[in-house]
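One structure, as structure tokens, below. Some questions next.
As written, the chain order gives the labels A, B, C and D, with residue 1 at the start of each chain.
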Amino acid sequence: MKPSRRNLLALGGGAMAGVVFTPLPWKLLDDTAIWTQNWPWIPQPARGPVEVKAAACSLCPHGCGLQVRMAAGFPVGVSGAPAHPVSGGALCPLAFGAHQLNWHPRRLHEVRRRGRAASWDAASMALRAAAAEGPVAVIDGRPGRGASAILRDFAGKSGAYITAPGPEERSLAPYAAWSGVPASALGYDLESARTIISFGAPLLDGWGTPGRFTRLWSTHAAGLGDPELRLIQIEPGLSHTATLAWRWVPARPGSDAALAAGLARVLVEERLVPAKGPVPATSVADAAGAAGLPADAIVELARMIAQRAPALAISVDGEPAVAALNLLLGGGIVQRRETAAPQAAAIAPRAVVIDATVPWEYEPASGAEVFRFAAWDGGGSKADWLLPAPGFLEEITEHPSAPGSAVASYALSPALMDAPADVRGAAAFVGGTPADAVLARCQEIFRARNGGLYRRGAKDAVPLASLESAARLQDELLAGAVWVDDPAGSRKVRCELKEWPAAAAGTHRGGWADAWSAPVLPPLATKLYQESNLREVPARSRI
Amino acid sequence: MPRTLLAFAIGFGAALAAGWGAFPRVLYQKKVQPIEFRHKTHAAKSGTSACGDCHALRDDGGFGGIPATASCAGCHGEPMGATKAEAALVNDYVKPHRETPWLVYARQPANVRFSHAIHTRLAGLKCAECHGAQGETDAVKPYEVNRISGYSRDIWGRSMSRLRRAPHEGMKMTDCEDCHRKRGVEAGCLGCHQ
Amino acid sequence: MKKRRYGMVIDLDRCTGCGACSVACAAENNVPPAAPRATERTGITPLRVQPVSNGASGPARREVFIPLMCMQCGEHTPCVSVCPQQAVEVDSATGIVTQMPQRCLGCRYCMTACPYHARYFNWWDPEWPAGMEKTLNPGVATRMRGVVEKCNLCHSRLHAAEDKAAAANQREVNPADYVPACVEACPTGAILFGDLADETSAVARAARAPQAFRLLEKLGTEPKVYYRSNRPWVRALAEPRTVPAKEVQRG
Amino acid sequence: MASYAVADRRWIERGVERTSTLRFALWLVPWALLLALGVYAAGLCLRFGLNQTNMDNRFPFGLWIFLDLSIIALGAGAFFTGFLVYILKFKELKAVLNTAVVVGFICYSGAVGILMIDVGQPLRAWFTFWHPNTHSMLTEVTFCITCYLVVLLFEYIPVLLRNRQLRRVPSFLIFEHRLHLLVPVLAAVGTLLSFFHQGSLGGLYGVLRGRPFAFREGIAIWPSTFFLFILSAIAAGPSFLLLITSLVEKVTGRKLVEFSVLCRLGRISGLLTAVYVAAKAVDTLAWLNRTSPSLGFAPWEFYSYKPFGTWLMLAEIVLFGLVPAVLLLHPKTASRRGWLISAALLVCGGILLNRFILTVQTLALPTLAFDEFVSYLPSWQEVASFGAVVAYGVIVYSLSYRYLPLFPQEKREGYRVSGR
């Protein structure tokens, strides 16, 4: 019995009719839809409880207080530590994505010598060989740490210990030259100022500790027609800070020195400030010509500055004339109570060891063999040796006084996750024991008995004397407490200025991404410059 | 014509057999739990029958789920008896401090938010109302995974037709909705999704 | 539980345009970093900060930074009525306009409906560099390509607050436990968040202030995101544009 | 080759002339290539996602939606001819009924195909049926289009089964006959469904309160665009049918229908276009003076963004509305083939322009004070996917024309001579 075509058709028809009465088509429809909701190639977060840990941000030298949400052993979110004595709970935009940085595609996982894989032993031998041949310079981006002492000791044997200043310290350079106090121990007394004249400093855009000036501005200036705190921004273009300032003065690029001199002249001639120290030779007309402003505007600006004292002048690139103007206005520059290492005399080193805290752009003296520590490869490096350092929250980090701060402070951040197997810090590499150095730094603070301890979230400090030991202090610091010196410990710096300074050519522009010293941006920074029009693409993004 | 009808009936019957018989076998893959576990024995030995004693709510309102290996270590630090399963527990998980990769029958996908705290504390639901009387079982049943969606079979329920199923059987969204409707509790989309 | 209407008042005079809210939002909600080809028109920024100028040139020029997110429209909610399969709704308990990406079929009709451009389509599958998926925030499911997402007012934080309250046998959420990521992240405290239905709350009082305004208020969509500014030209941004594009330059 | 030709010949209706197998195959080749390219492009979109297109968050609807709306409007000839023939008893239009059904089927199936690529998650599209939001115009569109596509399929099947070979299967013949009895019912159902979805497609944009350029007030839940879309679709449908029939006559060099039928189509189209233009004018005035200002917008500002100036509005209403209406209604122009075809072209162009303005211009215009006028150009994948729909249409129509009795009157005397 041979089945006919019609039988086959009927069989097929029957099967088609039958299958509708089974779960098959309906379940397939449902399951394929569910499949699209749970595509296996799309990662999903781990399950489990979330724990909040205290830490400090190591992206830049300001050490803002962090609250890190941890789940399944990994950080899953970052927020500011409320009432933190240094950052006041605020963070910069980069910090919010910092916990993802350790998986950045440019993370360094192995020692590299001129682009080729090498070993720690080889690097170690090369450094020893170089040290035998000539002096070794060590560059530290964050002096004042226990680890800095290790680096200083190592350099002290045969070379030079050099600190790489950030933007705030660069702006303090003239005062350091005139007072003999290193810039790393100087700070701005922003809190007392009632008028701030900023020559291009992006005060509201990544200059200084994020929670410091922005907080002052938001409580005393933002949105007010006649604010308690007047911010006058002198800058050629409409930067974020300029648009938010009480007054914006669009002066020509490169005219800061002339403008500062012109202002100083008006202040002295009109007896708006007590005359002391040298007077610039520049006339108001010359200043006006250089700045591209009417002479009247400069006179008016000077009167405006003098109207509400104390006034503080800040130059983004350490323009000496602006510093001189600031001294004329009364200073506002303080010296923190801390022992800062003096800058070493210039030498021609045989080798340079650059700590991971040093900004990626730092250019060491040419001709030396460069040992560069970094957690991320910023590309285009002239380093001979690229040495992988621990990344974000992967080691105990020390956070000495923030650059430009008015009082000394010290904080520790615990290691919240394991570092990759083969990474090392510079201090350990040169033979030191960072853990001992941290304890030694705690002992120093503990012995001095200055200032107090701000525990996590606390508004008031606990006196240091209430702690039983330096080890206890260290534990407290690792749990999120911050040691802050007594404000009375800082004193106004004394500067000797014989004549009005000549103009120095400054080129530093500054800005939100420059505030950060590491070579790459957190991947989520794409929200700011690639996926929105909030920011121009930073030159250093390289993601 | 009768032959045509017969062919149609054969096709119809074959489709029914395939759809109800073969299809579930192909769709679901059986998996065995990594180790054995007896709720009954543990309840008897520890003298507790309250689910929450082992499957506890955390203070933050999260649900602890299956106890961690650390809590097994109290009794199973060393093998209790000579069974193979016992040796596996101690040597594979307790001693190396590894978490047991349990296959969770009631596991919902990442987009589902289910608050045990709200359902047990505020609504007063008993565990068994959704999970069945797990505490009285004497062995862990095999786990079946849907090869397409990756879901546990318990989400759909044993019954392919979903017509006659026990009250606790099935954990699809419609099951949640049915219960909510019965109790007159409203929860928007993001009340139960995340 | 009592009916709430969560909303916020954003002080535009205090916004420095730093973008911390935007990054914090992305981290909280497991939004991936931009795909290589993504632009400001194809990226996912449930909260984005838009610089807007006053149109002047020279020294009179000023900019304001406007954080833009879902406005949580309470009436005629444009996206809710258009969704063919109920992937969007206004939550009756909280007033939050909720979007369910797992229900969404990706027709993008809601995106055409939204006058605030607050909805984002996943043009790409989300991708994180290897290992970075460990930093995903628990409590927020990641999305897949082909679906629309938007600000759900950090709904997972509300979930956590509800769980915490329930564990303590409480039905009402402690307001301090539910703070969206952007509010928490703002370094100047420019964003005030809370229950607008509670007349005595700080946010409700701020929303009633004469300096407060909402974008495109005349559309009648009753947004629950308010802005405030002391500057009249900033308040004027609430109205639709009345000058052709080429005459207004943007920063 | 010869044997293929013989086999091929056996499938062609007895008594009609069709081109040689070779020429027909050659004609299909470029279309098949276009189809293949489009299928490849669509595959890219399905595999990698819609990043293959140039749509973005500010321009979430693009070429595809514009063309979907357009071809569904042009495909309105199918239901409307059915309505005219079976309900209003316009017997002479029976001559174009089959072709209308095929064109309608192509337009609708093509539109549904493109929609399946256009949505980001096609495997979840059925959620619309399972969890429908009854307030959404898109739900209405989805339901009606799906149902109407089924109706069209049932209208197409009898034509298909009338093929010379298929006709020989007795059960097919019975089936066809039964279906044929159903056709008037199908026509009525199709008319109802079509009225709804053509309207809902208009409502799609008309309900967008957040897009004051498109937003319209209306009756009950339906904005005015709901009714305007129905009107414009039934106005353009006959014109499109007229164009297609003329085009087929031109390409094949055969006379397929009496000129009087074309004239009849033209008259119907002209009449409806005139009504449409009047309604559109009233609607535009109401929008300019009432709707838009009430939402806080100055309507004339919408026309300040070049190139979308007021000329576009005038072109739509006058050049593509009033002019063809007059041409189609004036006895002198309406009886000349050239004028007739030009006017039909204008009517169809008008509907494309209307759909373009509603879909593309609406999205390009700013809403917030700080929005910019945004632009968009489709990617090659979008264009190619759509090209595939056109190729699919040509291929299906060509096959239908060759093997099915699309024009049953063709066999009668007097049709053998060239139409030209």
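To be clear about the criterion, a residue touches a chain if its C-beta (ideal position, glycine included) is under 8 Å from a C-beta of that chain, and two chains touch if they have at least 3 such contacts.
Note that the coordinates shown come from a computational prediction; the quantities given were computed from them, not determined experimentally.
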{"item": "Mutual neighbours - chains that touch chain B and chain D alike", "value": "A, C"}
{"item": "Pair joined by the larger number of C-beta contacts - A-B, A-D", "value": "A-B"}
{"item": "Centre-most chain, if every chain is reduced to its averaged C-alpha atoms", "value": "C"}
{"item": "Rounded Å distance, chain A centre to chain B centre (Cα mean)", "value": "50"}
{"item": "Rounded Å distance between chain A and chain D, as computed from the means of their C-alpha atoms", "value": "62"}
{"item": "Distance between the centres, which are taken as Cα means, of chain C and chain B, whole angstrom", "value": "37"}
{"item": "Chain centre separation (chain A, chain C; CA means) in Å", "value": "29"}
{"item": "Where chain D touches two or more other chains at once, by residue number", "value": "121, 124, 127"}
{"item": "Multi-chain contact residues (two or more partners), chain C", "value": "39, 43, 50, 86, 102-103, 125, 139-142, 144, 160, 250"}
{"item": "Sequence positions of chain B contacting 2 or more other chains", "value": "58, 60, 62, 109-111"}
{"item": "All pairs of touching chains, each written as two labels joined by a dash", "value": "A-B, A-C, A-D, B-C, C-D"}
{"item": "Of all residues in chain B, those that touch chain A in their complex", "value": "3-5, 7-16, 18-20, 23-24, 27, 58, 60, 62, 65, 109-111, 146, 148-151, 156, 160-161"}
{"item": "Residues of chain A that touch chain B when the two form their complex", "value": "3-4, 6-8, 10-19, 21-24, 27-28, 30-32, 34-35, 37-38, 40, 44-45, 47, 49-50"}
{"item": "Of all residues in chain A, those that touch chain C in their complex", "value": "36-37, 39, 41-48, 50, 69, 71-72, 74-80, 90-97, 99-100, 102-105, 204-206, 210-211, 214-215, 217-218, 222-225, 238, 240, 243-244, 248-250, 512, 522-528, 530-535, 543"}
{"item": "Contacting residues of chain B [partner chain C, same complex]", "value": "57-62, 109-111, 113, 115, 117-118, 121-122, 186, 188-191, 193-194"}
{"item": "Chain C residues within the chain A interface of the complex", "value": "11, 13-14, 16-20, 22-28, 30-31, 33-34, 38-40, 43-45, 48-51, 58-59, 61-65, 102, 125-126, 128-142, 144, 160, 181, 184-185, 187-190, 229-231, 250-251"}
